[in-house]
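Think of it as A, B, C, D, E and F in the order they're written, each chain with its own count starting at 1.
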Amino acid sequence: MTDLVTFGETMLRLSPPRGERLETTETLGVQAGGAESNVAVGAARLGTDAVWLSKLPESPLGRRIIGELRSHGVRTGVSWADPETSRVGTYYLEHGGEPRGTNVIYDRADAAITTVTPAELPTGALEAAERFHTTGITPALSEQAAETTTALLRAAGEADVTRSFDLNYRAKLWDPETARAAYEELFEQIDTLFVPRRDAREVLDREGDAIEIAHGLASEFDFGTVVVTRGTEGAVALRRGEIYEQGVFEADTYDAIGTGDAFVAGYLAKRIHGGDVADALEWAAAAAALKRTVDGDLAVITPDDVASVVDGAGGINR
Amino acid sequence: MTDLVTFGETMLRLSPPRGERLETTETLGVQAGGAESNVAVGAARLGTDAVWLSKLPESPLGRRIIGELRSHGVRTGVSWADPETSRVGTYYLEHGGEPRGTNVIYDRADAAITTVTPAELPTGALEAAERFHTTGITPALSEQAAETTTALLRAAGEADVTRSFDLNYRAKLWDPETARAAYEELFEQIDTLFVPRRDAREVLDREGDAIEIAHGLASEFDFGTVVVTRGTEGAVALRRGEIYEQGVFEADTYDAIGTGDAFVAGYLAKRIHGGDVADALEWAAAAAALKRTVDGDLAVITPDDVASVVDGAGGINR
Amino acid sequence: MTDLVTFGETMLRLSPPRGERLETTETLGVQAGGAESNVAVGAARLGTDAVWLSKLPESPLGRRIIGELRSHGVRTGVSWADPETSRVGTYYLEHGGEPRGTNVIYDRADAAITTVTPAELPTGALEAAERFHTTGITPALSEQAAETTTALLRAAGEADVTRSFDLNYRAKLWDPETARAAYEELFEQIDTLFVPRRDAREVLDREGDAIEIAHGLASEFDFGTVVVTRGTEGAVALRRGEIYEQGVFEADTYDAIGTGDAFVAGYLAKRIHGGDVADALEWAAAAAALKRTVDGDLAVITPDDVASVVDGAGGINR
Amino acid sequence: MTDLVTFGETMLRLSPPRGERLETTETLGVQAGGAESNVAVGAARLGTDAVWLSKLPESPLGRRIIGELRSHGVRTGVSWADPETSRVGTYYLEHGGEPRGTNVIYDRADAAITTVTPAELPTGALEAAERFHTTGITPALSEQAAETTTALLRAAGEADVTRSFDLNYRAKLWDPETARAAYEELFEQIDTLFVPRRDAREVLDREGDAIEIAHGLASEFDFGTVVVTRGTEGAVALRRGEIYEQGVFEADTYDAIGTGDAFVAGYLAKRIHGGDVADALEWAAAAAALKRTVDGDLAVITPDDVASVVDGAGGINR
Amino acid sequence: MTDLVTFGETMLRLSPPRGERLETTETLGVQAGGAESNVAVGAARLGTDAVWLSKLPESPLGRRIIGELRSHGVRTGVSWADPETSRVGTYYLEHGGEPRGTNVIYDRADAAITTVTPAELPTGALEAAERFHTTGITPALSEQAAETTTALLRAAGEADVTRSFDLNYRAKLWDPETARAAYEELFEQIDTLFVPRRDAREVLDREGDAIEIAHGLASEFDFGTVVVTRGTEGAVALRRGEIYEQGVFEADTYDAIGTGDAFVAGYLAKRIHGGDVADALEWAAAAAALKRTVDGDLAVITPDDVASVVDGAGGINR
Amino acid sequence: MTDLVTFGETMLRLSPPRGERLETTETLGVQAGGAESNVAVGAARLGTDAVWLSKLPESPLGRRIIGELRSHGVRTGVSWADPETSRVGTYYLEHGGEPRGTNVIYDRADAAITTVTPAELPTGALEAAERFHTTGITPALSEQAAETTTALLRAAGEADVTRSFDLNYRAKLWDPETARAAYEELFEQIDTLFVPRRDAREVLDREGDAIEIAHGLASEFDFGTVVVTRGTEGAVALRRGEIYEQGVFEADTYDAIGTGDAFVAGYLAKRIHGGDVADALEWAAAAAALKRTVDGDLAVITPDDVASVVDGAGGINR
């Protein structure tokens, strides 16, 4: 039995060295990045058996993504597209200290995944899984991607697989209204929702504090669990009427991208290992803090790292 | 009066360090590359006033290309496209020694230039120029790009601008038959044709040696000048019934990409400076040899470098 | 009509990677750096038509500087010196966190610009400009450079070009007394003075707070505008008897060099675009803060970046 | 059913940039390298299901090796050793053009694999495989490693797994006499022997040309197949009394390390895919030539690459 | 007369770029690192004549360490071991922001120094020195290393050389009890003890504040001087009944490794130059703060740097 | 007794990565380079006790040169100049394959050494040496440098130190006539002359083959030994009427700069070790070939490397 299946797009992330701008850099670092594979990698590294489903061109660029994910122990179920007629999505990431901010340029239109159908994906992995996870990015990619998302969620539901969903609203992909409508159609298929408080307010039109938001969403859409993240104020989870709160572990941030995915990975991994919601939130927060210290989308961390953070370690170990 | 106007697509060229493969590299070098801007840069560096026309997104990536070309003295006449809805073409270049070869992966579909219209481009530069140059890549990009190519050639012709065209057949963009039909439609607008002997044979269905090919093309399409390149055997030019032959200057090849464009740049620059065909071929061959020693698409060379090669210099200068 | 002309020395800036010392580094980053070209680049990037005047050897090193400035849209009016008998100034920059500090080693003696005469510089650009800007570094370079500075200021004045001057006292170039005498001779030619409060006190022997300093300088030397910068306390401007105050935008400093030049560039660009002093100070402060996040002397920024800072943006944009 | 199982040590390969010496370099490239995992990677990349067996410390360094191999599709069956009391073998590789040569410094004493026992290795993979491959390096590492090699070969034989062995004599590990004795004890367990002609002469004391050596070894030790490699003269195989000869494909050598392993990988992969000995030798030669163009121990190649070499491709593909 | 002799192991320090993890990095920076040579380098750079004694393989790796130390002016007295049968100790250093922390993986077992005998070391240097310094790392390396440490301390004592000792407890080398016993045996040979307050408590079982600890240790073991460091709270020294306190100079920490060694180097150098304990503590604190701004184990600093810190300098010097 | 003393200028060598041009590179490698210190380093690495005399600013750049030389075992006798008023010479080196060639831009005017006097240099080293070596570059730097060269040669002669001189004609420093006059004045102080055949012809106006040149120079200027190098044709030495010939060892050239200095270093080291002229020429040729494989001016080689070349080794050693 597979522990976790995720589904979504993974892009080449192209990023200049610190202090340099995209407009003038002469080198770009290359890494694989995508919310759902970020979660799969984080969870696999934390000891779960994770599978990632997607569609990629059968090219060096497509194989590059596969190779990087596999190196972290993720198994990949990829529909190979014709390299002559398909493309890998890319995103350019420019880290900038404040007040410049960190900027993303997407070049992901018409990526191979936009044509993915359920039939193209390997059968069996999803139905045999304990959990299935996807995010609000995938349905924004194309109508076909949205349909396949729905179909996979439905299939997972029929197979009694616990389905989680991270809202992951991306202002560069769609506007709040369109996104909200799409999300709400999917919500009936979701057991566990991860949502940032800000998106709950600005995209889902929720009001109140995180706890009120969690209660409101849970009651309206019948989620088993709602996890509301609040940036530096930590996270709140609601499950079976009970509220769990978790603060953040302070971190020297080297790269904030992927923090939310590491959070989800930590949560799901701990739940899969049998932890309760409180334990899972603590792992989530620790994984997120650790991610911030590492370059790239991926949470290159270990269970020992997470345990050390939970135990309050740090400093120099020698 | 402008010396030279060129028109075409410039892409981001993304290339791993030597010895590394696209599938496994962690860094990519970034440079601007495109046949027509390569020619403009080479010609500008060799002392001509060159303008490059194109269309790019008004984004850091679009500005990057502009900045790199401007740094070499090229003036740019660019139609800025909406960065939210347009993209920069990219190409991945993997240098490989033999027998692996050098491989190019294009990711240029739907680049901003595919929608360029003559009306979007700055007026005046073309009509005021001495020469206009474009290549067989541009009409392969989109129907609209092909139409604009035709329109610009026609406008140049009406303004008595000498029009040159480099066949530049790209097997990854179209098949020989489609290409041939497109080329032949354009040929009536062309005064000077640059064509590799191999493409003359395989794409234009020509037979015979380079001299026979030159004569055949010149008589059929009424070119003022035909230059046929023969790889390591050098080039042959036919002008006003006279044949000119030029050998190659031997080179330690660091990067072969852009060699043909450097050849054209050397030829056009020398012609613009008043050189005859024999002189122009010699500059062309020298510029091409120099280009091979430099990383990137661009011929980062000077008139002194060219003169040194023609004079047989080399070694250590100190 | 040109918006802005600047005049001064641009050097090769040679800088080891972070954490490394000049004494032990094996690589140096190379960039162009000089107060007046920094201002020209910043202003050009913020949408003005800027020209930089100087003198350089006609060598790869001289062309390197030209190319980098041109890539940002600056037009260059350079007197080419004989590469066999002239040199490019260089400066070695070692970034060091506190308490080590950031150290500069100048190797600029006898650079080509030290022999520049007004007659060598391209005619016309200066007189046709809206504004002319230079700094207190240029007259410190050589007697000839000082004379040419005076001549250009005078010519600008005669052509009704608004003349600005940034004190830019450099303790490694001259002592305060010599500098003060030179500055005061130039002041009668200046319309707008930029001066750090610390230099006003230590070099110009001014007393009191920034406002008092501004009033004192304005009345003594008849400046149209005096801008006094106060480090983290922001800037104060006095124009036509009115005082304008502007705080700083907080910044994660990656490279503090060039912050003052970015400030001036932002100020001048906004004034050229028709902004009033208050607006210009705000742009100045925003440009300065943005510069701090970018490696190098140059403010590789855009009008959109400045607008975002003024609007309080930041974070991750995706 | 697994196609191929290999067993042996994989080290961290630490290598300075080209042109630099170990004594003075400030950076080292890090890669995984080991004859048997090189073969597994090459074979996996050429489409076989390959498993690599070994022992490593459960540390970031051990995981690094696993991750790199997995990224190429190899499955790993590793006995994890206590990271406090075990170590990863390392080797320092200094590439040097002639006459300096390429030098290896081993720091592999007491690596975790020196204590590996058959019982520690995952069961099942070996017995279910079509082929098992190991090399003459493993028995040189320790008595225990030698015993485990023998035990695995014996177990493979009992399960009717075809066993291949690459002599891989390493003068820095043992002397020819000791090596010869060890090899000859293992030979009775081997079906297919790969041996360089030079080692056959200098270590195994064989005389004559490659064909005579192949016949001599085959008859004395009852090998099913003997493949004798002759450097630039290509390879000779003897199987069932028939001799097959294969030349080399010329290559621009970027990194010669791992060429022999790529040869074996190409041979085994083609045999596993059902190719005959002639086909397998051709793939072997093509894989070896391709390897030479790629940095690192690993043959980062594809079946298409091999097919292109066999078909005589090369040049620039665009 | 030599000012200072130190004795101990120096390793290759292998460290990934910032933000990268050992498990995934493709490059490692290489530097020499070892507590006792760190002290020798720091002291030599601060103007003393320092000699470092050790044992290394006569290999490029051994010579690398020698070369790096010599470049800072340290003279080296090294027993060369057979490169075929000995090894250089290495340590992998992964910098991590909090909460990940900085992690060290030692690969130093059986390094050449573990077999060092007093007779192998060059004679004369030690006896002619003003001071001898070693640390609590050396006796943890092997019984032989511990014996040689004792012998050298004894010889130094007999020659009236002032002997200092930095506790430098390393949890990855031994447990507190074993360490304590070893330390206490050595204490009778020590004149000046450097000890972190934390180690005094956790390893030496001391109680009370730093002053109480200093008094307790001094009286029990008859040290001439005891220096207790308290992290960010600064240091306390006890000499001849007098207590000296010294705060820390705030620092932007780029690399914390080697801070303690820089502290000792600053202290010893100032004492050798004739400074009193208060002066020496101030130099120690300044050297430690400066070290934090520099990458690597070594305090690449100058007497001018130290003087600047003591004088409160910083900022940009130009 | 010192084996070898050399005297001359050492510069910072600043060099872009391969394939890049000075005009566009963003990084420069930094190394120490100067003919006389190159010889000292080569000789020291080959087992001699070598001292290098020069003058440098007491700055990080001056210390950088000292540190790099010391790391190779050279002792340095340097007159420290005031860093505020003196400078380090620099040279920019652009490697280029043919036909571009390798180009050097000197920026060495007014370097500290141009003011060096004999009195500033440490006394004793020269008079106690077995050999003294300098080159034809030093007298080209300034009149003062020329005078000091003469004075040192004279002092060496009086102390019976064998004096060698490498012509090292640099066309970028002076013209052949001036150089010839200067050389010939020095020749009476020289015991051993190294001269390239080309310079003998073009600068010293000699005719005939290398043997005739050697005889002519020896008889005219009374040299004890004349060594004439002939590029790829090897070298010829004349000593006491006897002719010795030595071919070149073929080399894959990574960096040709410093080859001649490595030749001299190999020759002198072998002579110092007691070898005869034939042996010394063989070491010279081997050291020169090895140098070509290593980046930088310095011959980072060992006696074992030289012995291996003489013995015909190479290939992969593992």
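The working rule: contacts are C-beta pairs under 8 Å (C-beta built on N, C-alpha and C of every residue); 3 or more make two chains touch, one makes a residue touch a chain.
As the structure is a prediction and not an experimental result, all values here were calculated from the model.
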In contact with chain B and chain C alike are the chains A, F
Chain separated most widely from chain D, comparing mean CA positions: C
Which chain pair is joined by more contacting C-beta pairs, E-F or A-E? A-E
If you average the CA atoms of chain C and of chain E, how many Å lie between those two points? 46
Rounded to the nearest Å, the gap separating the Cα centres of chain C and chain D is 61
Calculate how many whole Å lie between the centre of chain A and the centre of chain D, each centre taken as the average of the chain's C-alpha atoms. 39
Chain D residues counted as touching two or more neighbouring chains: 21, 23-24, 26, 67, 71, 172
Could you draw the chains as nodes, link the ones that touch, and say if you get a line, ring, star, complete or other? other
Kindly provide every pair of chains that touch. A-B, A-C, A-D, A-E, B-C, B-D, B-F, C-E, C-F, D-E, D-F, E-F
Under the stated contact criterion, what part of chain A meets chain E in this complex? 71, 249-255, 286, 289-290, 292-295, 300, 305, 308-309, 313-318
Enumerate the contact residues on chain C facing chain E in the complex. 18-21, 23-24, 91, 96-104, 106, 170-172, 256-257
Which of the residues in chain D end up touching chain E in this complex? 14, 21-31, 59-61, 63-64, 67, 83-84, 87-88, 90, 92, 94, 105, 107, 109-110, 172
Could you list, by residue number, the parts of chain D that touch chain A in their complex? 67-68, 70-73
